[in-house]
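Pasting the structures here.
The following pair of complexes shares a single chain, subunit A, combined with subunit B in the former and subunit C in the latter.
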Partner chain A sequence: MKKFVKFLAALAVVGLVVIGLIIFLPVSRTAPQTNVAGDYTTTNGHGEYAMRMGDCMACHTADGGKPFAGGRPIESPFGTIWSTNITPDPEHGIGNYSLDDFRASLYDGIEPDGTRLYPAMPYENYRKLSEEDIRAMYDYFMHDVEPVNEAPPKTDLGFPFNQRWGIRVWNWLALSDAGHEDLYDDTVLNRGAYLVDSLGHCAACHSPRSTIFAQAGKNAEDDRYLAGGVIAGWPAPSLHGPQSAPAKWSHDDLAAYLWTGRNSHSAVAGEMTQVVGDSLQYATDEDMNAIVTYLRHINGRGEDKTTLDASSSNEPTETEKLLASADPSMPLGARLYLDNCNACHFVNGKGAPEVFPSLDGNALVVADTAGGLLDVMLHGARMPSTEKRPARLAMPGFGDRLSDEEAAELATFVRQGWSNDANAVSAEDVAAARSKSSGTHH
Partner chain B sequence: MARKEKKRDVVIVGLGWTGSILGMELCNEGLDVLALERGGDRDTVPDFQYPAIADELKYGVRYGFMQKPRNSTVTVRRSESETALPYRHLGSFLPGDGVGGAGMHWNGHTFRPMAEEFQLKSYVEQNFGKDLISDEMAIQDWGISYQELEPYFDRFEKVAGIAGQAGNLKGEIREGGNPFEAPRSNDYPMPPLPQTVDSNKFADAARKMGYHPYPRPSGVASKAYTNPYGMQLGPCNFCGFCERFGCYQYSKSSPQTCILDALKRKENFEYRTNAEVLKIELAADGKTAKGVTYMDANGEEVYQPADMVILAAYQLHNVHLMLLSGIGQAYNPATGDGVIGKNYAYQTNGGTALFFKDIDFNPFVGNGSNGHVIDDFAINRIDFGAEGFIGGSYISSGTFNGQPIRSMRLPGGTPKWGAGWKSAIKEWYGHSMAIGSHGSNMSYHTNHLDLDPTYKDKYGRPLMRMTFNWKSNDIRMTQFMKSKIEPLAESMNPDIMQSSFKKEGAMYDVRPYQTTHNVGGAIMGSDPKSSALNKFLQTWDVHNVFVMGANAFPQNIQYNPTGTVGALAYWAVEAIRKDYLPNPRPLV
Partner chain C sequence: MSEENFKLSRRRFLQAGAVGTMLSAGYSASAIAQSDTPHLSDYQPEYFTAAEWDFIVAATDRLIPADGEGPGALDAHVPIFIDRQLVGSFGQAADWYMEGPHDPNAPAALGYQSPLTPAEAYRAGIAELNTWCKENHGAVFAELEKETKDAVLTSLEKGDIELADTKGANLFDLLLQNTKEGYFADPMYGGNHEMAAWNHIGFPGARASFREWVGIEKPYPLGPVDISGKRG
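Right, the complex of A and B next:
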């Protein structure tokens, strides 16, 4: 017994020492990954463009808040994380950051005082940034952003997630090497991969999470890379695999989706609305071509710029025949579709190009996670305004017209109509989606 | 003491079609533009969203999107001998208010006038002699030709996304279009929509009589469409909630669907709603405007200085503001002096209803611009000398809606309520169609607008007074249309047929809805003695005030006005951009 107590005490001591080491072992910050000449100055507009491609604004600006003053709630499985003020305000923002401090936050997720950032800040991806982009962004935030002397709400997760020192262990396990490696013998593909992996941080949502909640799959050689994820109950569809949009859509359709939030098949909803509205719409022709070429390349699509669409037959489907029959005895789901959805999405479920998204084959509709579909049905959705497509086309919410049971019947109908083949939705799923506050519509 | 706001390059009064067009084009020019809209803000979602918008009682009967007479109205009389009384309940015409103006609750008919209509007076004099124009008539040429305006019709049709079929493409006559239209430089940007049963039945009958039916040019989209501003329309589903409603489907051309989201992105554009302009403020010498005074949402008076003022409110309000602000000399019908308020005109319509026991028209399938049209009795097809009138009509048939309160066409003599009414509804709902004539209305010295001597609005400003009555020239014209429509209707063998055309002696009645095509009052022309605006819609007297809208029409065209209003706006703003801004001055 005494021995056991001794053993426990020893274990505790070892534990404390380990924890002490984790906490107090000197932090080494990742060094610049490229040698940049001493007199290097960023070109005009580079910093703002890198900020746009990095989409700093989406998280660091609250709805109706001042740009980059933080305060947007980010729902994580561990609780709400509030984004920080990254304006050059010395008190509440990053006004006192040196370039090295700034780089450490992007590469290592560390604030100047050693505080660990939660990985809601995608430093897993930002650590692949080039030194040129980091310097340009630093320059932009220090000189072109208005300082805002406001403190956003403090993130206050429950135990053990409030013990931020633990993130260091996670970092040791989760982080790959800093810098981005060119894997292709092609400048366009390398640029595309760089944008997708670093600034674009696509994997933050679109890659599944490993057992330790790290982004699974480092690059396209791994099937898990960009193979789809779930964010706050919303599906982030796969960008990698035979059923993914980059595998099926034409080059121009994929570009249109990323630039304008809409194309001949689908339209953005949820978080992707902001990604397009705050970030991707600003991509240059060259960069959009690189992103699209890369995403299609990793799905085996090359020069051929067409659409591969299994549901493109003109033969009316059974679903279409049922709806067009207007038979009063049709099942409830179909009848609810006629009453609520058919006006815009039509009996063939195809909608109209760039205006009404197709429901047939739509990734959000047939996702394993029905949360996104239910959110749109209940609360509506609005496309972002972009330079190329300024119209903020909106679908109203139907939550006040549909009971949980009705919404479940309707969701099941669209998930299984036409060529769709997804599992049924229950009234409990709807109740859960209904009770969730929807923070993504603006 | 009015609050004073920061000076702007341009202030636009009213944010409907023309305000949106001018806002867009002047912002593209780099100007700092502020639009003041007297009504509230409106967007497709939530204001027109499905299914709440499909409420006939709220919007169709109770005029949810129209101006409220308690806030804004006119007084009306038929002649100098009557005392004008306020138009306290909307009936004959329905001006809108709020963002989008009447451009959000229209039906979408988007025609171009015939070339002859722009030179109507000269055309009549040259072809039929001066004597045909009676002394009471005040018709004038517009001071602009169809050829000059053609590129701007084309521009407006592309922005508004008009569906139709060209009949005269660069002089080449096209099968299925209107062979009597003036040459177009381009086809419509969208193909025509499919047609309903009545429309096709009418077209077949018209063809058999040797007429030339064509699909009505439509501000209702036949497919997904992206306009030159990147704005988008979705294909119409024929729900039949167009006129008096906003479109939930993004199908109807409107400032909302075609311009506003693109305009709102511009950093040099701002708009304020519930901001009612009371007066345009003139400089001491009266030769320029220095801004406007408006009442804001909190009832505070605001002085808004600006280098340039664009009047883009509804026709009646533009004229009213000019009268209140002393821009141009008010028209005096006794002496013929003055120009503001002269040549007010309206529209001369009639129709024949046809009832068929055995045909089910499914009237709930329709859209505001559905229908076939013939121009065989339009202005350039009629020998005015032989027929003894000036004017013309287009004749059309189509189903706009089958709404249960207002679209229950019943045979004459049916009781208005009770069991007889119910059984007639049961028997006849969905079993009728109509052939309508939509015709010109000439201007007359006695039909005019001025300030009412008695009635004032809630701000203490005199209401505008409308003096208007039907005149025998236009009644002869509409009776001529009856003589053409009835044989056409008879050829279709209806079980019952009943006509409604104005007869000699008809008096203007403000109660039944007729049309919101009020025109004139501040007309364009080539002579400052007989017109309020020059050919660029610039006021003759105050060169930094331009006035958009149908107030510029010297008499009414036979078609719906919006196409012409849109084209004139693009024409005027081109002159402002290229000629006025580099050197602000009277352009003529």
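Right, the complex of A and C next:
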């Protein structure tokens, strides 16, 4: 017994020492990854463009709030994380940040006082930024952004997630080397990979998470890379694999989707609406070509630019025949489709290009996680306004028209109609989706 | 197409629609429209007094009687629709130009000419007509025989009974118009109870589109759906 107590005491001491080391071991910040001449100056507009491609705005601006003043709630599995003020205000913003401080927040997720940022800030991806982009963005935030002297709400997660020193251990395990390595013998593919992996931080949502919630798969050689994730109950579809949109859509369709939030197959909803509206619509022709070429290349579609669409046959499906019959004995799900959806999405489930997204083969409709589909059905959705396609085309919410049981029948019907083959949805799933306030459309 | 042919084919169309509706009612009776509006006899009018309510019930019952082809105005809760409209923006003429001059002899194209709101016109008109009925038939309208009620309404429509207190508003026109509206409007406004009128004429309701049926020479088989999503 005495031995056991001694053993416990020893264990406690070792534990304290380890924790002490984790907390007090001197913080090291990652150095610049490329040598940039001391008199380097950024070209006009570079910083703002890098900010756009990095989509700083989406998280660091609240609905109706001042640009970059923070205060947007970001749901995480561990609680709500509030985005920070990144205007050059010295008190509440980043006005006192040196270039090294700024780089450390992007590369290492560390504030100047040593406070560790939650990985909701995608420094897993931003640590691949080029020094040129970092300098340009630093320049932009310091000189072109209006300082806002406002403090956003403080993030207050429950124990143990409020012990931020623990993030250090996570960083040791999760982070890969800083800087971006060119893997291809092709400037377009290298540029595309850089934009996707660093500024675009696509993997922050579109990658599955490892057991320690790190982004799984560091590059295209890993099947898990960009193979789809779940964010706040919404599916972020796979961008890697035979069923993914980059594998199926034509070059131009993928570009149209990323630039305008709509194409001949689908339309954006959920978080991606902001990504298109705040970020991707600003991509230059060269950069969009690089992103699309890269995403199609990693799916073996580098050479041809056409559409591969399994559901493009003109033979009417059984689902289409059933709906077109308007047979009063049809199952409730089909009847609800005719009563609520058919006017826009039609009996063939294909909708209309750039206006009504196709439900047949739609990644959101057939996702393993039905939360996104249910959110759109119950609360509606609205496309972003972009310079190329200004109209904020919208779908109304049908939450008032459908009971939980009816919405479950209807969701199951569209998930299994036409060529779709996804699992059923329960009334409990619908109730959960209904009670969640939808923060994704604004 | 002669008028007679039209009527015949229309009736056939209605009958076919009714069959389709009955079929469609078969498969999920539990989810089919269960009205949450009170029964007509339990309804507490928000605008009408008890005497006015009696008149509205009696008059709409003669305009669309229950012994005709389809449901009557009372089956469809038309009086509830009218009562709710009169406490709403229509009854208060909330978005009408109501300043003078009011010229009862102005051409119809110049619009509503009474200084009274529709709610006020109903109130004044019902009181005056009930007085007329008492003087000429010994009882208020609601207590008259069916044939006498029809005669009074016919006289009112033709202008043989002239109401002065409505100050230019035409009670019969208002009543007939609002009765039709209450019969066919979406059930959310209190009338068209359980989509009875839509079922009767085979109107599919707020389904928005059935373009795959364009050109198909058969009645559309499914029963109606209302704005709230209920199936009739």
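The rule is short, and it goes like this: the second predicted complex is superposed on the first by the 442 of 442 C-alpha atoms of A that agree within 3 Å, B and C clash if a C-alpha of one lies under 4 Å from a C-alpha of the other, contacts with A are read in each partner's own complex, and residues count from 1 in each chain.
Definition applied: contacts are C-beta pairs under 8 Å (C-beta built on N, C-alpha and C of every residue); 3 or more make two chains touch, one makes a residue touch a chain.
What you are looking at is a predicted structure, and each value in this text was computed from that prediction instead of being measured.
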Which superposed partner A:360 touches (first subunit B, second subunit C, both, neither): neither
Subunit B versus subunit C as contact partner of A:278, first or second or both or neither: neither
Touched partner set for A:390, first subunit B, second subunit C, both or neither: first
Which of subunit B and subunit C A:404 touches, first, second, both or neither: neither
Which superposed partner A:335 touches (first subunit B, second subunit C, both, neither): second
First (subunit B), second (subunit C), both or neither touched by A:343: both
First, second, both or neither for A:324, with subunit B first and subunit C second: second
Touched partner set for A:197, first subunit B, second subunit C, both or neither: neither
Shared subunit A surface residues [contacts with subunit B and with subunit C]: 340, 342-344, 346, 401
Residue ranges of subunit A in contact with subunit B within the complex: 340, 342-344, 346, 352-356, 380, 382, 385, 387-396, 401
List of subunit C residues in touch with subunit A within their complex: 20, 23-24, 26-28, 31, 207-213, 220-223, 225, 228-229, 231
Subunit A residues touching subunit C - in the complex, by the definition given at the top: 323-329, 332, 335, 338-340, 342-344, 346-347, 398, 400-403, 405-406
Touching residues (chain side subunit B, partner subunit A) in the complex: 43-46, 49-51, 223-224, 226, 229-235, 237, 239, 248-250, 257, 261-262, 264-265
